Amino acid sequence: MAGEEGPELSRLYQDFESEHLIPLWTQLGDLMPMTPRPAAVAHVWRWSTLYPLARRAGELVPVGRGGERRAIALANPGLPGRPYASPTLWAAIQYLGPKETAPEHRHSQNAFRFVLEGEGVWTVVDGDPVRMSRGDFLLTPGWRFHGHHNETDRPMAWLDGLDIPFSHYTDAGFFEFGADRVTDYATPNLSRSERLWAHPGLRPLSGLRDTASSPIAAYRWEHTDAALTEQLLLEDEGQPATVEQGHAAVRYVNPTTGGDVMPTLRAEFHRLREGTEIPARREVGSSVFQVFEGRGEVVLDGTVHRLCQGDLFVVPSWVSWSLRAEERFDLFRFSDAPIMERLRFDRVHFEGERR
Amino acid sequence: MAGEEGPELSRLYQDFESEHLIPLWTQLGDLMPMTPRPAAVAHVWRWSTLYPLARRAGELVPVGRGGERRAIALANPGLPGRPYASPTLWAAIQYLGPKETAPEHRHSQNAFRFVLEGEGVWTVVDGDPVRMSRGDFLLTPGWRFHGHHNETDRPMAWLDGLDIPFSHYTDAGFFEFGADRVTDYATPNLSRSERLWAHPGLRPLSGLRDTASSPIAAYRWEHTDAALTEQLLLEDEGQPATVEQGHAAVRYVNPTTGGDVMPTLRAEFHRLREGTEIPARREVGSSVFQVFEGRGEVVLDGTVHRLCQGDLFVVPSWVSWSLRAEERFDLFRFSDAPIMERLRFDRVHFEGERR
Amino acid sequence: MAGEEGPELSRLYQDFESEHLIPLWTQLGDLMPMTPRPAAVAHVWRWSTLYPLARRAGELVPVGRGGERRAIALANPGLPGRPYASPTLWAAIQYLGPKETAPEHRHSQNAFRFVLEGEGVWTVVDGDPVRMSRGDFLLTPGWRFHGHHNETDRPMAWLDGLDIPFSHYTDAGFFEFGADRVTDYATPNLSRSERLWAHPGLRPLSGLRDTASSPIAAYRWEHTDAALTEQLLLEDEGQPATVEQGHAAVRYVNPTTGGDVMPTLRAEFHRLREGTEIPARREVGSSVFQVFEGRGEVVLDGTVHRLCQGDLFVVPSWVSWSLRAEERFDLFRFSDAPIMERLRFDRVHFEGERR
Amino acid sequence: MAGEEGPELSRLYQDFESEHLIPLWTQLGDLMPMTPRPAAVAHVWRWSTLYPLARRAGELVPVGRGGERRAIALANPGLPGRPYASPTLWAAIQYLGPKETAPEHRHSQNAFRFVLEGEGVWTVVDGDPVRMSRGDFLLTPGWRFHGHHNETDRPMAWLDGLDIPFSHYTDAGFFEFGADRVTDYATPNLSRSERLWAHPGLRPLSGLRDTASSPIAAYRWEHTDAALTEQLLLEDEGQPATVEQGHAAVRYVNPTTGGDVMPTLRAEFHRLREGTEIPARREVGSSVFQVFEGRGEVVLDGTVHRLCQGDLFVVPSWVSWSLRAEERFDLFRFSDAPIMERLRFDRVHFEGERR
């Protein structure tokens, strides 16, 4: 079907165009490649660059109604002009200055926060004040009102993850403004959601209806750290506990179902022992990682990147990735895996295996 | 946050750009509108225009390995340059000339065919020859080899529906070439899949494992027509059977689960009695309709379009639509509703109701 | 713990008894045998005996309010005094004389009818008249009002299956009287439920909510026979279709889920080619079979029983059974398998395999 | 159908009997009552009676292979001769003397232990030693090897709950002897199962496959107590948290699904504030309660019973029950609710409501 176009074919193509039609045969390879060929590229953002830029934004840009959040999005170099880490994932550094408040709003987009460092901010989710501290993973599932306020005289920055690119592309998003101030300035150590739900294996009888998203607003670092520590100790004792040798990992889950915390987003925490290398793999769907602690390397489609605390990288669909830990290496990861799995597009390929 | 940018802010924005960062606050309204604001627009394509163009393509463009299919895609005027009916849906007229064969291939994209008119083509799905005739709805779920061949000396055209735009955007697609000729040129009246599976309420003991997609390769017109006819007769008898007064409808389903035929695509057939009007509604997610028989109108965001047999129209997300039947009005519909429902983005709003 | 009881121990056992206590150690083997040791025994009932007894009952015993049904239950010889085919299953011959009506009632027990021979009776289920004819399988899920009436001047008999023993044992049953006459004496060929639901792979849009039991009131013989015929033809063509060589089988299912027709009862139809033997197996849970047509043998824990049309046999839990067809051999089967599977007690063992 | 039997009818009934048939019409009211009419009766057993009897058994009856366990079952007075608390539930006091070992075995019956008082025993479940201490709830799901050993020189007694009556009745049980001694005499504070699984909202990546029963071997009192305490504090703060005013409650769940810990058994812990009365209700299915702490009353079908620590009572199906707390009142409850719900026999009726 390639080759010279005669005049009749040219005319046909013009007629197609004027009638809002496009032939498949001229586009097939692009539309339906042999394996995913993402426009998004693997990329690393350095915390040492990001944080000072966020601080400068803190000095120059007010936070308030309209702009809503002082959030600076990782913009994949392969998706020019778009504030997207990948076609499905939004990842941003949000920065809140001393005593600032980010006003309340709600949207159908699902959101979480992961806290690399700092403390002193509370996020208020449907009226429930949730403390944000180092290592915590916090949820704002779709259509819950939420705002943030900083109680201290130090700024605080954290990672925001959302499904904005996905819901923008699929035209699925709704948005609504809420109160200009947060609805509750209390600063409890634990949110009400945790007091009700964060007891292992225990479900309140007042909460027997399964929910699409997790009712736990905050997954605390002390629990995550304990779970990972125990996995490695069990491995030391010769017991099955880790995903692979030297690699402990937990998934954050919805206690009403045992499944992902939100319908579109998966979140996990990984810990590699010093010296551990995990073999290269490709997966359908994209992920963003942030180094929480330690140093190591990621190999992204053959290119080695050294990583330090706070560094972020994105792995687009079907890009090969592997990790190596120079010292104990703790990484937070989030991805669009629930989308791929629920729609049955998930695939994984470990290098060295036959496809 | 609006207003003049000072030089420092300009410099910050430049630094953002060079570090592959984009601030949220300058983009929020676009990214997260109050309600979905699709780039795709409502649009009608006329069968009387489409079919002659397809025939001209049949004369000028060979079908074969490489281009694979003589398929002409509806290209939404709001998504310029892209052969997409909507951000998630592909809809194309496929045309196969007398005695032609479209070679075998497979892909992770899910596909179906709906036959407006004609007969004499068999599609061969993983080795099972499936007759294609007027009114039939035929499945090619992801990763099944399939090719088509026309046994007659008349051309045949039909509607292809796929999730190509969705899997392209999310980088989820794999593709593999198969045999250049179809693997079985038999022309049975019923496919093996139908002989095994298309018995109402009966499941073969050899097929007790649930499958992600329906094992039925063809949903025959005679069954669809009978189901709709009975719904209207039951309504005449005062029995609950129709969706709303004068409006009979069936969903094509996977008999192993009772759910949608494929993980990303919903397909339905609707019949309106003469004179029936169904009230306007907005839904999250997009749909494509094809008039199978009869005449009527669709109102798309306030604009009335008269429709005849074969006409197609697309309803982007949250665009208001309603139907009116001038005579008995039969419409095939497909949509991305399973995506929206599985990811919990589904919403519907009936006009006149409070949101 | 065995051996002589001293006086102190005797006193202890007396004290246990007076305080409503029983020690485990004296009962363990009985309570918790190595493999199921059912009190129920394998047994065959002959149609040639059953039917004349039913006819005599038809002459001597009226049908009407109070006794409700002229049903004669298979009483397992191992469960003396109880009208139970097995601890979970009720199986009875119901007999309705010319022009008789069995009054309406409802109960939480799930029920079905299977028609060995005859026609002319309609069962009215929540107001929907359902024709009963040879080979049909008919549902009365829990808590639906139902009555029967015979329109002809010939009697008719059929098999009733229910979960009466199970719900009696677990104290789960409710009962309510309805109208003394059936609420609708119409005699349509198809019930409304079939007209709405019995179209292969098609689901009415008015019925999108999944139901615990199948909405199809009658599974017609013509469909069952066609499905089995096709499986054997496909096997002849070298295609996978039968459960095992020479053995075609279908399960009656709920089209809203693809699962069993009712929460406690599984129903299937099996066809063996002439000469086919299926290997011996043991299963947790009990079954009742009725020969619909043809002749053959069943081997029950090593004892061979020859079987003719209409003969019934029960297979208690973990009793070994196998079948041999002397000629084409059609059998209806029902069981408590959904109970065992939903509670995860299901196990199967094929003889010759290691346990 | 009642009244005098003529000679012909007598002969018919004799023929029924000799052919292993029983008519429905003579038995209907018994078999299918209007509401459940359990043979089991409501009954209270006193800890002050039970415990001394268990101690005497400890002196007189050895524990070891054959008898397997020194367990004394609550035998419902309405089910004479059977060691059953209800038709579905087994409840027993198990007593283990100083330094004793109960040998390992496994069975398909599901089991748990609840510890009213004491400590110093470890139960070893599939090789994982699990500490037993006051207030803990411990699981032995079906087909896991388990044995117990007492490390101390004091005896210990606890409550065992199983589905023995149910699996005996339905002939679903398998049993296998294991080691005569437990396979691991280690006495860790936490079992490996807890170290891997008992972190709130965190799922190990090595455990992504859902399991029929909970992988958590021990639900510790400190978590149960904290969850209940928080519910009452939240209620004090005006927040929704308790089931009803003054009544905090948690269900023990399987973290892989959010559902019941085992397929046949539900377990919950309830705390009533001093003075709280919960309204009378009837439920399908049976329950056993044990008072963990505090004093109060239960009203069982109108009869008031005062309760102290350790007292147990059984509520058969559809027996009305209500509770009143004289002081803070803590109760452990287990039931067959998963059986009723999975088979769709569950119903509840609150007194004062119309049925």
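Think of it as A, B, C and D in the order they're written, each chain with its own count starting at 1.
In this text, a residue touches a chain if its C-beta (ideal position, glycine included) is under 8 Å from a C-beta of that chain, and two chains touch if they have at least 3 such contacts.
Heads up on the chains, UniProt names are A, B, C, D = Cupin domain-containing protein.
Computed from a predicted model, the values in this text were never measured in an experiment.
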* To do: Please indicate which chain is farthest from subunit A, where distance is taken between mean Cα coordinates of the chains.
  => C
* To do: Let me have the rounded angstrom distance from the C-alpha centre of subunit A over to the C-alpha centre of subunit D, please.
  => 43
* Structure fact -> Between subunit A and subunit C, the Cα-mean centres are separated in Å by 52
* Asked: Between subunit A and subunit B, what is the gap in Å from one C-alpha centre to the other?
  -> 31
* Asked: Tell me, which residues of subunit D touch at least two other chains?
  -> none
* If two chains touch, include that pair; go through all of them. => A-B, A-D, B-C, C-D
* Structure fact -> As the complex stands, subunit B meets subunit C at residues 192, 195-206, 208, 210, 214, 216, 219, 223-224, 226-227, 230-231, 233-234, 237, 239-243, 249-258, 261, 268
* Asked: Which part of subunit C faces subunit D closely enough to touch in the complex?
  -> 1-2, 6, 8-9, 12, 15-16, 19-28, 31-38, 40, 43, 45, 49-50, 53, 56-57, 60-64, 66-77, 82-83, 87-88, 92, 107-109, 142, 164, 166-176, 212, 263-264, 284-286, 316-318, 336, 338-340, 342-345, 347
